[in-house]
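Here chain A shows up in two complexes: once beside chain B, once beside chain C.
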Partner chain A sequence: MAFQILLNVFLAFVWMFLTVSFNGASFLIGYLIGLLIIFILRRFFHSRFYLIPLFVIVKLVFIFLKELLLSNIAVVKVVLNRSLDIRPGIFALPTELEKDWEVTVLSLLITLTPGTLVLDVSEDGRTLYIHALDVPDVKETIKSIKESFEKTIMEVSQ
Partner chain B sequence: MKEIANILVMIFILSGSLLTLLSAIGVIRLPDVYTRSHAIGKSTTLGIMSILLGTFLYFFINDNHFEAPLLLSIAFVFMTSPVASHLISRAAYYSRVELWEKTVRDDLKHKRNEG
Partner chain C sequence: MNNVILRTITAVVVPIIALFSIQLFFAGHYYPGGGFIGGLMAAGAIVLLLIVFDIRTVRKMIPINYQWLIGTGLLFAVGTSAGSLLFNVPFLTHAYRYVHLPLLGKTSLHTAVLFDTGVYLVVVGITLVIIETIGESD
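Coming up: the complex of A and B.
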């Protein structure tokens, strides 16, 4: 992916040198033309056309923001509830992600999810230990949320 | 137009300080380290981010001044605060800080007892 971006920037520079106009606008035009060329030649690259993972990353950022808002509402609800009827607990979650940065992003997302906090990651990086604010009713739904997170992160690194 | 934008600034800063207050209340009310770290790690993050965004918009609208460090600090707070709450609660767990009434406790218990 990084190689394709670099190639695209290089093509934009080539366009600037071909037209002998060195400014932002011609860089932009060259970049768009380079994008088209890379799209046409996409089957010669090992990874996918680089706009796809880029869009998935943008999607991930929006998921982050949404989860941050939702988790704040959840925590405020717990704090302002008159009776403190929460049941905290720790549960293990097996993960299929392999690279270190993927596990890091997943645990960041989990920490920002309503009512969950990553306590520890096992040494082989295959199990996450999660402290949940309210175990009985959240556990299943949270598991499904995490499966969607995991899927999105896998989509980025295919 | 300026007035509307200033109302937006007001909403951002007020909601940010309200969230910070609520997380302080959460620290007092919640029973143990781990649940408190839920309150701190989430509400304060969004609170600070919203105050910083309000400040950024205020200077941008009224003084026409683009204060980029504020945007950078929003990103930094966003990235570092969950890690900090993770590290603090992990350190608490391995120094055998007791949990409140709990229901499920998995493998981590064995790991703590042997280490």
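Coming up: the complex of A and C.
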């Protein structure tokens, strides 16, 4: 992905040198032409055409914003509730993500959605220890949320 | 203790701090900033590395003896100041000139930048000498 972006910038510069016009507009034109060329030559690269991971990253951002809103509303409900019937607890979440940055992004997304907080990552990086505000009933839904986060992060890097 | 999150975030953040330090250094003539705060920022980036890794690893990454850095910075400052004596003007008189450089266009070159480089190096050196000395004394 990074290689394709670099190649695209390089092609844009080549376009600028060919047309002998060094400004932002000609860079943009060259970038779009380079995008088309890379799309035509997409079979020669090891990774996918790089716009697909970029769209997945945008999708991840929107999923995160949605989760942030929903879980904040849930926490507000807990705070304003008269009876404090929450059961906090810590549970382990096995993850299939391998790379450092994947585990980091997953942990940050889990921490930034209220109600859950990553406490520790195991030595082999395959288990996240998560503190949850309300364990019994939310555990399954939280698992499903994590599946959505984890699945999207996997889509970025496959 | 697996500090995978800290390590990854450090790898992302340290380049940004380093760029900000250099930007502060060069902004010092027209905007807030300058050698002192830029040097402290650069030292801060290295301190962040020291927090995440141990002293030996950071020494391997940045193989600089910081005591020499202090000396180099002082030489820069004294040399820039004493250079004015060669032109029969008082000590610490600075010269500046607008030069047309290729690619950059009209640029003002000022000898105060060299003096500020000295300040920058001294600040980085002294900060890291203090921190590493405290860190190594068991």
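As a working rule, the second predicted complex is superposed on the first by the 157 of 158 C-alpha atoms of A that agree within 3 Å, B and C clash if a C-alpha of one lies under 4 Å from a C-alpha of the other, contacts with A are read in each partner's own complex, and residues count from 1 in each chain.
Just so it is clear, a contact is a pair of C-beta atoms (placed from the backbone, for glycine too) under 8 Å apart; a residue touches a chain by one contact, two chains touch by 3 or more.
This one's a predicted model, so the numbers in the text were calculated from it and none came from an experiment.
Once both complexes are superposed on chain A, the partners chain B and chain C fit side by side without clashing. After overlaying the two complexes on the shared chain, residue contacts for A:135 are found with chain B alone; chain C is out of touch. Using CA centres, the angle subtended at chain A by chain B and chain C is 70 degrees, rounded to a multiple of 10. In the superposed model, A:125 makes contact with chain C only, not with chain B. Of the two partner chains, chain B is the only one touched by A:75; chain C is not. Number of chain A residues touched is higher for B, counting chain B against chain C. Touch criterion met: A:108 reaches chain B and chain C at once. Applying the stated contact rule after C-alpha superposition, one finds that A:117 touches chain B and leaves chain C untouched. Once the two complexes are laid over each other on the shared chain, residue contacts for A:91 go to chain B alone; chain C is not touched.
For the overlaid pair of complexes, the smallest distance between C-alpha atoms of chain B and those of chain C rounds to 8 Å. Looking at chain A, you'll find residues 107-108, 118, 120 touch chain B in one structure and chain C in the other. Of all the residues in chain B, the ones that touch chain A in their complex are 19, 22-23, 25-26, 29-32, 34-35, 37-39, 41-43, 45-46, 78-79, 82-83, 85-86, 89-90, 93, 99-109, 111. Interface residues of chain C, counted against chain A in their complex, comprise 1-2, 4-5, 7-9. Partner chain B is touched in their complex by these residues of chain A: 64, 68-69, 71-72, 75-76, 78-80, 84, 86-92, 107-108, 111-112, 115, 117-120, 127, 129, 131, 133, 135-136, 139.
Residues 100-101, 103-104, 107-108, 118, 120-123, 125 of chain A are the ones that touch chain C when the two sit in their complex.
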